[in-house]
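Next come two complexes built around chain A: one with chain B, the other with chain C.
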Partner chain A sequence: MHALRKHIHPGWLIIAPLLVLVVALYLGPILNILWLSVTDPEPGFGNYAKLGESDALLRILWTTVRICIITTMFSVTLGYSIAYAMVHCHQRQKNYMLTLLLVSFWISILVRTFSWLMLLGRKGLVNVTLEDIGLIAEPIAFMRNEFGVLIGMIHYMIPYAVLPLLVSMQALDKRVMDASSNLGATGAQTFWRIYLPLTTPGLVASTLLVFILSLGFYVTPAVLGGGKVLMVAEYISVQLLVTLKWGTAAMLAALMLFGVLAMLWIMSRFMKLSTVFGGAAR
Partner chain B sequence: MKVGLFSLFNRVGAWVLLLFLVTPALIAIPVSLTPKRFLSMPSGELSLRHFQKLFTSEEWLSSFFQSGVIAISTSVLATTLGTLCAIGLWRVSSKYSELVRAFLLLPLIIPQIISAMAFYRLWIPLGLLDSYVGLILAHTILAAPMVLITVSASLATFDPKLEQASKNLGASNWTTMRMVILPSIKPGVFAGALFAFILSWDEIVVTLFISKFSVYTLPRRMWNGIRENTDPTVAAAAVVLIAITFIAFVIFAIQSRRNASNNAT
Partner chain C sequence: MADLANTGSLQIRDVSKMFGTFRAVDGVTLDIERGEFLTLLGPSGSGKTTLLMMIAGFLDITQGDIALDGASIADVPAEKRNFGMVFQGYALFPHMSVRDNIGYALSVRKRSASEIKARVDEMLDLVQLQEFADRKPTQLSGGQQQRVALARALCFAPPVLLLDEPLGALDKKLRVEVQEQLKDIHRRVGTTFIYVTHDQEEALSMSDRIVIMRDGAIEQVGTPVELYERPATKFAASFLGKSNFITQGDKTYALRPEKIDLRLGQGGSDARVSGTIRSITYFGSMQRIIVDSVQGDEIEVDIDVWRNQEALTEGAKVDLLWQEAAAVELHDT
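Now for the complex of A and B:
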């Protein structure tokens, strides 16, 4: 015992409870799911082969990837604008902006989805208002299509996009920009040639974070898509809870998991992961 | 720095965007005040009947209660495990401990649907489906990484010499932890506990998979209401949730301001 204690740092004793819990109750079943993807209903890569055979599966994957890409593009661009404004204004104004950002971060996803339902529905506030002022005769379909899903998702993802960008912009040395303008560069030149490249780590982190979070998004697509926009997460839930086909669901989960891990690996090369999450938690 | 036209334009745009982030949620307030029996905007007359229904309906009240029990248990459990683990990782600080840290953060970033699948898969043979224990364990695993992050952030500013001094003065490991380390990382522990509570209180995806009848949390009931899309009681519940978020936020803001001023003096 004494010899063992010398080799193992006593700190591990208090790490162990959580570690054991996560390994046993989380890692275990995830590995089991990966295993299922090549064994259920029969051993082999049959589940993966379905990707080549089934148009429906491919369509779902393509819808998911497309929606994630569009969501990421909008969230990161708009997030960049917010982060830029926050870094370049007075402390007091910045605090107000941060408050709004965090409040939106904290409002329940269900409340937000419900609100979009009330705003965008056929008899929602937006349609009713537009009809009242005579701009439209028929209600516009904002929901039960990709448009509704995108609005809901972008709205949810913007705060996640802002936080890593904020971290990266705050760490910049302002003197570099001063040097650039002293050397005669215009504002636009300084921005495109100096500022934007220097914030690349933040941009990469923010892009990947939003993309990863969008990939597995369930609530908003299920409600605002109204069954018309089927994404991977909803498809998995139908497979498990309704048709009880673990194999296909496990295969999709495995694809998603490997995708996420690959992106995390890329992200870790640009920014310390704890910084990204640390920003997200604060 | 001179503010250029572009910067000014961008700043206005940023404000508009930030308002766009917050204001849509407020529509729940008028909808919850409609006197009608279906989801609608009130025209003229206002009524509190849906709030009355919310606070007298046995179903909704039991959901509030269940969510409260699960969120508080999750918060206590995740904060205890997460804080211990963060202190352990901080004291070991080796290549391996950093690997373990990265691994323990995974539940935060792995898509919720995959986590839901994993818990569902394991809870079936363990008989934990549709039980308090099942939900609390699942939520604890999802929430502990939050605590790990906030406590680790506090530990990063803690001076290790204080620990050394305490030990040199003859304090045991346990006394040092209780009297020296814990008081200095209190803000991180507090923030972690709050985040863990909110995560559990709000959690829907995993809950949808591993609960059915006997445990019916608030998000679960709201989810049903949203899918049925008729009963305005959901709007009243949404308003209550917004109010709770707001109160939690104010507590958090006051607390962190107090910490900031403590550090300053």
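Now for the complex of A and C:
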């Protein structure tokens, strides 16, 4: 936002028509939703007041935030190790791993979600095998609960977590790490004092990306949660399609939008967002 | 900083480095004295960086041994060698202030905050960067970054400091300035400096001794004066300064252009060679004259500009004179 003001460049004229189109097509619906949230079914803040009245709504919001935080923590941690391995292995293996990463982007979320059911469901491969060799008597409940949702979401999110980290790790000057060990630092010291701080922008970008994407997750909780784990996106869809309470749905959507904006704003107080999104670090 | 009084001599014994089947460093043997300023000079690809990296411990030695004060360090990892190093491009830590950069080596050694502060202040004094202590490296000029890198590498009083083309990124004027400062700092800290460059003027003006490298092997070692006045091979004579090569019988001699005198007219009894001026190039402080000798050689002569100004023209017949000792016999096979 700050960057925008600084660069009023003739080039803007060229993209202005498209910009206007995008703004109209994006802002229009968003404003419409904001409008709905304070006018449907009757004008006023009745929809927002429900947040204070309804335990169910608060529980859904809390479930969503909790699942998103856990998902983000695991995806980013695992993503960090994967990106690290990719950057520091041999070129051949690197290409191999990069291909696998891209392939996982191409597989539909439905396929990736249902395949977990096949693996970990009550009659899934794992449970059947464990029962056959007599390790367990009853199938383990991996799916149809929050645990199942977490597995599915973390699995889906890891490639997204890897990409920004990969970019920031690849941009690092290897000699800086050499300099650190030349100055007597152990491997651990070099990691904590040089490597991690220098990859922090990538870490933040990855965290934001995964968290924001997770907030809107719909398919995975619906399939793997088995109706027991209700997250905001699914609830909104129910309000829209089943109970036809558009006002409530709009209110929740607006809430998520403001939540994300608030997060970006808090982040921007601590660091320049442009460095997070790949800009120069000056 | 007087705590390095008795350490810092290096013994390099028949060291080689293979990359696959390629021999990047080829049987280098070298004794480096404590407190010496030694320069590795050679064309691109002659193995200077590779040799330096083996001394620093970033590359394994394929063959041979390197010892510090007589004790082998071939199996000591880089972080345990305690050698300072100034990297090409400096490799400063971009997220740390100048102060934290310089104090890094002490802080990873878990020294007390007060000791680190005192030592860093001392180093900031040494490189004259006191007022920049709290800046980030990106807020400094190239020359200032170079001095931070130097202070960072010297902060833990290493017995040996390795510098890989530390002035490569600076422009000519700044280079000369920083050369002076480097020389001065070397005198004051008394650390052994091993300095890599392919700039022959830099090598001549700064070093106690110069090692000329060629294809991974040592071509010749000596003080700047020894190397310039008595080059042993054609390669050494032409890499360090300019040189004419004159063949007499089965012997080849190197002859520096500025050691030749030139006189108009031909056939003087003291003339060593006669010839015709082919071209005159003006360089401000001197002029370079190329003479085609009657024997068919091409000989370069550097003459002070204030001499013979009007008389010298292209096509003029001249005699060339030099003292017996000016022509150095070469030992190339």
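Here is the rule we use: the second predicted complex is superposed on the first by the 235 of 282 C-alpha atoms of A that agree within 3 Å, B and C clash if a C-alpha of one lies under 4 Å from a C-alpha of the other, contacts with A are read in each partner's own complex, and residues count from 1 in each chain.
What we mean here is this: a contact is a pair of C-beta atoms (placed from the backbone, for glycine too) under 8 Å apart; a residue touches a chain by one contact, two chains touch by 3 or more.
Only a predicted model underlies this, so the values are computations on that prediction, with no experimental measurement involved.
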Item to complete: For A:Met118, decide between first (touching chain B), second (touching chain C), both and neither.
Response: first
Worksheet entry | chain B versus chain C as contact partner of A:Ala49, first or second or both or neither | neither
Worksheet item: Which partner does A:His155 contact after superposing on A: first (chain B), second (chain C), both, neither?
Response: first
Discussion item. In the overlaid three-chain picture, which partner chain does A:Ile266 touch, first (chain B) or second (chain C), both, or neither?
Written reply: neither
Discussion item. Between chain B and chain C, whom does A:Ser81 touch in the aligned arrangement: first, second, both, or neither?
Written reply: first
Worksheet item: In this superposed model, does chain C or chain B come into contact with more residues of chain A?
Response: B
Item to complete: Using the superposition on chain A described above, determine whether A:Ile14 touches chain B (first), chain C (second), both, or neither.
Response: first
Worksheet item: Which parts of chain A are touched by chain B and by chain C alike?
Response: 281-282
Worksheet, complete the sentence: Counting only contacts in the complex, chain A reaches chain B at residues 9-19, 21-22, 25-26, 28-30, 32-33, 78, 81-82, 84-86, 88-89, 97, 99-104, 106-119, 123, 125, 128, 155, 158-159, 174, 187-188, 212-213, 215-219, 223, 232-233, 236-237, 240-241, 249-250, 253, 256-257, 260, 264, 273-274, 277-278, 281-282
Worksheet item: What part of chain C is in contact with chain A in the complex they form?
Response: 56, 58, 78-80, 82-85, 87-89, 91-95, 104-105, 108-109, 138, 152-153, 156
Worksheet item: Which residues, counting only chain B, touch chain A once they are in their complex?
Response: 1, 3-4, 6-7, 10-11, 13-15, 17-22, 24-28, 31, 39-41, 81-82, 84-85, 87-92, 94, 97, 100-122, 137-138, 140-141, 144-146, 148-150, 152-153, 173, 191, 195, 198, 202, 204-205, 208-209, 219, 222-223, 226-227, 229, 234-235, 238, 241-242, 245-246, 248-249, 253
Fill in: Residue numbers on chain A that touch chain C, as the complex places them
173, 175-176, 178-186, 189, 193-194, 197-198, 281-282
